[in-house]
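Two complexes, one shared chain (chain A), two partners (chain B, chain C).
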Partner chain A sequence: MTDTAPTPSAHQPAGPPSAEPRHFWRMFAIWIVLSAILDPLFYFLVGPHVPPGTMTSSAAENQLDFNILFVIALPVILAVWVYLGYSIIMWRASRKDAPEPVGGEAARTNLRVQTAWITVTSVIVLFLAGFGTYELIQNYGAGGGQGPNPIWKPTASHILPVQVIGQQWKFTYRYPTYGGFETQQLILPADTTIAFHVTSLDVIHSFWAYQLSIKADANPQVDNVAYTTTRQLGRFTVRCSELCGLWHGAMYNFGQVVPKAQFDSWARQTELTTAANTRLLPPFAWTYVPDANGAGGGYYNNTVDPYSPSEVYGARQPAS
Partner chain B sequence: MTISAERESEVAYPDPTPPHAGGIQGWTSRPGWLSQHLGTAIVGAVAGYLIGHWLGNVIASGYNYVANSGVNAIANTGGLLLGALGWLIGIGALNYPLAKMVGMEPAPEQETTSWTRYFRYTADHKVVGLQYVIGVLLFLFTGGLLAMAIRTELLSPTSHVFGPGTYISIVSEHGTMMMMMATSAVVGPLGNWLVPIMIGARRTAFPRIEAFSFWIFSAGYLVILTALPYGGFPTGWTGYAPLQTQASGGMMSYLVGFALIGSGMMAAGFNLAVTIVNYRAPGMTWSRVPIFVWSILATCALLTLATPTLVAAGLFGILDHTAQTAFYVNEHGGSSYLWENLFWFFGHPEVYIMALPGFGIVGEILPVFTRKPLFAYKVAAAGMVGVALLSFFVWQHHLFQSGINPDMRPLFMLTTELISIPTGFIFLVGMGTLYKAKIRFEVPMLFALALFFNFLIGGVTGVFLSDVPVNVTVHGGFFVLSHFHYTIMGGLIFALFGGLYFWLPKMTGKTMNKKLGQIHFWMMFIFFNLTFFPMFIIGLLGQPRRVFEYQQNLQALNDFSSVSAFILGSSFLVFIANFAWSIFIKPTPAPPNPWNSLGLEWQTASPVPYYNFERIPVVLTDPYRYGEEGAPPVADLGEELVGAGAGPRAGTSTGETSATSAE
Partner chain C sequence: MSFGGRLSTFLVLLAVAVGAAVYAVVTFLTPNPQVVDFTGAQAVGAPVDLTVQTVGAIGFGKHPTWVSYLVKDPGGQWIHSTVWKVPAHTRINVTVEQYDSGSPLRNQQWGLVQGTTGGTASLNGTTFSVYNSYDANGVGHTFAIPTIGLNVPLVGVDPNATNTCGAAPCTTNYVHNVMRFSFTSPGPGEYPWQCFVPCGLGFLYGNGGPMSTINYMGGFLDVAA
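Right, the complex of A and B next:
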């Protein structure tokens, strides 16, 4: 490959022709064997288990992207390691009959080697940038937050919007298409394109639905949109991945992807059971203005017992 | 010979005046404890703090930025700022400007070899360099102790050693201290000590600014330490805004501390950049400048151009807390994105401030221990300049998921990938230099080789992070944490210790113990990798950064990492023992050129004379002409003119003892 190969080969003609072992070909052989073994081993054995799995479209694509990067990166790492190991063994001063190094112009610069190096690294890097951009666009933002004005929107006819509200120190979710009720359970239908609208009531949080491969910062007064399409049923973890203060480490919960019909009945039922509380919430909006006069944002009314049986809290309008 | 012809112009070389810090007439010349030194600096700092705190309470009594917190941000800020000012007055940093201001002629500095000069404000760049060595190591070890506390807490996913508030303070303090330390880790000690000697100068361009940079750096250390008694701050080293605005107490130490450290960075960078451009000896053309000097020049460009953003951003934060402005307060018309962008506009060049000097160090170490010239010198120098330029165009990759305009993401993905091309040049240089070499595995060489191993992993994982789709999984988790520890600790800190083992014999005139050096290296190298490599996997398995609770199934990996971290931490005890033993307890004198290097810094006498060179050297070639028959020496030191023994400073100029200043 690629990175190391040209260095020794180009030196080869300069060295003494006969007794000198063919360093480049030796290294090349070691490298190609190692790469040919380890790359497929990784891709076929480890690759399918690489996080974040295949639960959603973005997860599957991001897993593929990771694996492709790894398959390219591994030979690069191996090339440097093989070269370093070979030099340390072959060219150590403690070796008997170690020849004196030859200085001079040939050892200082080598236009062929330098050109080859720059060309190869540029090609790899530009390919990776191009590939990453392609994956990002054709995958509708790859599950990352696109900000309030997303430009890569899914073409699905039916997109379920879910609002994620980060607050110190929990996530709550509102379903605008079901009357804007608010819950601490993130339940999603399978085989559906979801638009997460992530916002915050106080400081910056980051909504990280690990298995869904969704990550979007929750900024106060910003509607940060991320898309994915659910594929498999099951539970997933939601964690906050942006330091948000005291209980940042405890800011996580679990969500679930359920069949469409089950989701629909859950949503309709929750809409009914929480209707009384939804009326007390601020009307559904893409962002909410925190209460600037209190440190905690003031979204929830602290006088309501948070452990009331219905598990939904009373709330008051933002003050400002 | 043409050399003597160039010698003719020696007197015109613009540097005959000795640098001096400028004491008050008849004061600093007085020996003993009555003059200004570290002790008076501490007295000044305490007095300044008390006055500032009192003044703040007078100006705004009962002002609580955070309701009922009992913390008066104005008193805090006033105390910290006046404390830093008192520290500077106490050490004597303001004597020169104040004396000039009232029309007095400052007293010249006494040329002394007393050990007490290490506790004083001095214009000798070699003393400042050694002061920085101790300062940076103290900074590093304090931050390291906090890291030990973090790993102790993470031994268990659910049972806790610290409360969440204490833990988040420790994490924030660790990150902030390490970042502050790393900004000056190489530029301060090795840059100040080596650069003038490497380019054949007798001093830096602005010796008092150089001394100022150290003493304000140490003031920054004290200020960030005050965050802990103030109750810490919860924001991590990034200080993101709504949380920053929400926090009180230690937050002011963070903001003021970064402002002080930033001032020190700008001062150090400005001084060294001007020195490199203007103070090169005759014959030291740009193609002969050692690669370490190139790396420091590129770093200095970043220090002077990127750091003002940080200081300004910190000032906005201070104003938000004290004067109730709303730079970062969303609901009053400010924006938390403003902090994110200002911070990372500084913060990403900062990352290369921490990488480039390490490349420069290994670039100096490799030729000496391979007995080969540095391969692709021009590519290396161009790469460093290229990295410095490109580093201003990548900062938004820290904000990929933050809700920035989505079309910015492919652009910053591209620039971030592009910067790995010039960064990769260091591998071309290293591998080309190793080719058919004769490698001596002395301790500095071990550290230099370790940099290639570590930085390769750090660099390749950086490419993963720059890829937006993969970034969705790895952003904000242990993967990125491990990545930047591999680049900063695996790169910069390994290079720093390599550089210390390499140059301390010249800097101190004492030989470091080789056996202890090897033990230190192998402990540090093995357990560094065992500590941080598992964190890549921990991160991929879903553990976010800065958490005190994590998934049960990650405990085995976390425990493995923690135990390795404890051994990694204890490896520094070996270094401290080596340092204390070899320098203070049983010093063995080091020969002037123990590694048989061709570099200019090794050619001058040992210990290095006050003016570095008896005669200004005339540089004849670059310092990498190993393995070449009949190569000229790196410089004509002019010793045949003053006598081989290089006795008292003779000849150069005689009128220099007048008290007038050169600047």
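Right, the complex of A and C next:
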């Protein structure tokens, strides 16, 4: 080190200093233009196609939530990218006449910028937390399982209960208002509020009806309730989204939303054709007790001891 | 020993340990059962005859006490395999020799015959569409291909019979039930099949062990174009 070590000012070009461009306003202008173009483009062109679609009330609300989140987040992302891009171009080290240190004195700290950034981002986060909570409440759980005692219940006068029974490795469905028949098919009527009662006969599964925007864990001896209202006809996919063993990947099926009359016809017909088997099923209950000991029967109303008194293979259980 | 020598020894031992670990994991994850091919066993478009048996204990191999399926290959030999290759869109005539005892089903829904031709199966020549698993000897296993909605309950034999089969392959001299049904194979692809009776005795909820190991109570229907 010597006394003649260069200082930042020593790098300033000779001659009268040129007026510094109004960098903030330039960046602001770029940002506002990009935001004004990209936000509506996303909302109107991409938004309607954002998963999970609009097949049910919960799906439509969740799509709206995703779109609102994106529309709010996009300007924030753009602000960061514009600042980054502008900085790379305007204050690159190789640029002629670049002030030292890069960005000049004002880049070291700027109380107004920091305050504005913290305030704006805090307001956005708080708003989104409030918005998300509102959407969760007014949409009766937004398609998520609320457990056996739902806090937010739909006000519809007619609610169709459908029981979803997870078992390794298939979902089956019971319709208590049609004699409690059980089937491998999930058929739903259009324009109807559905209460899914999700449970399991063995390990933990998760009922995920993707296009319906329903996702609820299936736990043994738990009645996990999720609501939605069907809006559009069509096919939807059901998958297990909880790793549940060897054939977890194959634990899927396709359901269908059909017109009310068609649903009623299907349900009555299925009730009739499966009557012989329905008589052999246990009476409808919100949960059942699986036999933890193996193959010996079991699929009981939740009123008996869950465990067999005997671990002998094939032993009959108390309720059988 | 020099530093170089110690380092070489360490690296060799490390390589052996890593190799052994990888081999163990790969072996565990890829049981790689033999594929039994039925695609060339008959004329194109003609039905495929698939004969299998279920036994309470396979009697050999790594898990001799495990319950298992076996299949009769086109040459008539019993093979311990659960991966069967069949042609697409073809009638498959299935015969199951069921040598295992039964119990009530955990879910009687699987007592319902579904997805077969005519929605029925036969038990020792008697056609049925629903089997009450609380009757007689209950249901030993089910043959199910869930992704195409196929399910057939396989009725259990009398566990107190004097001539129960102890180890595979079983012959028809032992007490058994003959189940028959047909279905049409779907389009090309791999379709997992399984049993819905939690017959993995000693495992939680009965669905571990043989229920969770390919080549015992589950496998693939490998449908060729």
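Operating definition for what follows: the second predicted complex is superposed on the first by the 266 of 320 C-alpha atoms of A that agree within 3 Å, B and C clash if a C-alpha of one lies under 4 Å from a C-alpha of the other, contacts with A are read in each partner's own complex, and residues count from 1 in each chain.
Here, a contact is a pair of C-beta atoms (placed from the backbone, for glycine too) under 8 Å apart; a residue touches a chain by one contact, two chains touch by 3 or more.
These numbers were taken from a predicted model, which means no experiment stands behind them.
Peer 1: Regarding the shared-chain residue A:W247, is it in contact with chain B (first), chain C (second), both, or neither?
Peer 2: Touch partners of A:W247: chain B and chain C.
Peer 1: Examine A:T172 and indicate which partner it touches, taking first as chain B and second as chain C; both and neither are also allowed.
Peer 2: In the superposition, A:T172 touches chain C alone.
Peer 1: Taking the superposition as given, does A:I77 touch the first partner, chain B, the second, chain C, both, or neither?
Peer 2: Touch partner of A:I77: chain B, not chain C.
Peer 1: Between chain B (first) and chain C (second), which does A:S265 come into contact with in this model arrangement: first, second, both, or neither?
Peer 2: Touch partners of A:S265: none, neither chain B nor chain C.
Peer 1: Answer with first, second, both or neither: which of chain B and chain C does A:T115 touch in the superposed model?
Peer 2: neither
Peer 1: Looking at chain A, does chain B or chain C touch a larger number of its residues?
Peer 2: For chain A, the partner with the higher number of touched residues is B.
Peer 1: Please indicate which partner A:D202 is in contact with in the superposed arrangement: first for chain B, second for chain C, both, or neither.
Peer 2: both
Peer 1: Would you sort A:A129 into first (chain B), second (chain C), both or neither based on which partner it touches?
Peer 2: The first partner, chain B, only.
Peer 1: Touch check for A:Q221: first (chain B), second (chain C), both, or neither?
Peer 2: Touch status of A:Q221: first partner only.
Peer 1: Across the two complexes, find the residues of chain A that touch chain B and also touch chain C.
Peer 2: In chain A, residues 202-203, 245-247, 250, 290, 292, 294-295, 320 are touched by chain B and also by chain C.
Peer 1: Tell me, which parts of chain C touch chain A in their complex?
Peer 2: My answer: residues 101-109, 111-112, 114, 129-130, 132-134, 138, 144, 146-147, 149, 151, 159, 192, 194, 196-207, 211-214, 218.
Peer 1: Going by the contact rule set out above, which residues of chain A touch chain C in the complex?
Peer 2: Spelled out, the residues of chain A in touch with chain C are 165, 167-170, 172, 182, 184, 201-203, 245-247, 250-253, 274, 276-277, 280-282, 290-299, 313-317, 320.
Peer 1: Using the touch rule from the top, collect the residues of chain A that touch chain B in their complex.
Peer 2: Touching chain B: residues 3-4, 7-8, 11, 15, 23, 50-52, 58, 61-62, 65-66, 69-70, 73, 76-77, 80-81, 83-84, 87-88, 91-94, 98-104, 107-110, 113-114, 117-118, 121-122, 125-126, 128-129, 132-133, 135-137, 139, 141-152, 198, 200, 202-204, 206, 208, 210, 213-217, 219-222, 224, 237, 239-250, 289-290, 292, 294-295, 320 of chain A.
Peer 1: In the complex, go through chain B and note every residue touching chain A.
Peer 2: My answer: residues 66-67, 164-165, 167-168, 234-236, 238, 240-243, 246-247, 329-332, 336-337, 370-379, 400-407, 409-410, 413-414, 417-418, 420-421, 424-425, 427-428, 431-432, 434-441, 449, 452-453, 456-457, 460, 463-464, 466-473, 475-477, 540-542, 544-551, 624-628, 631.
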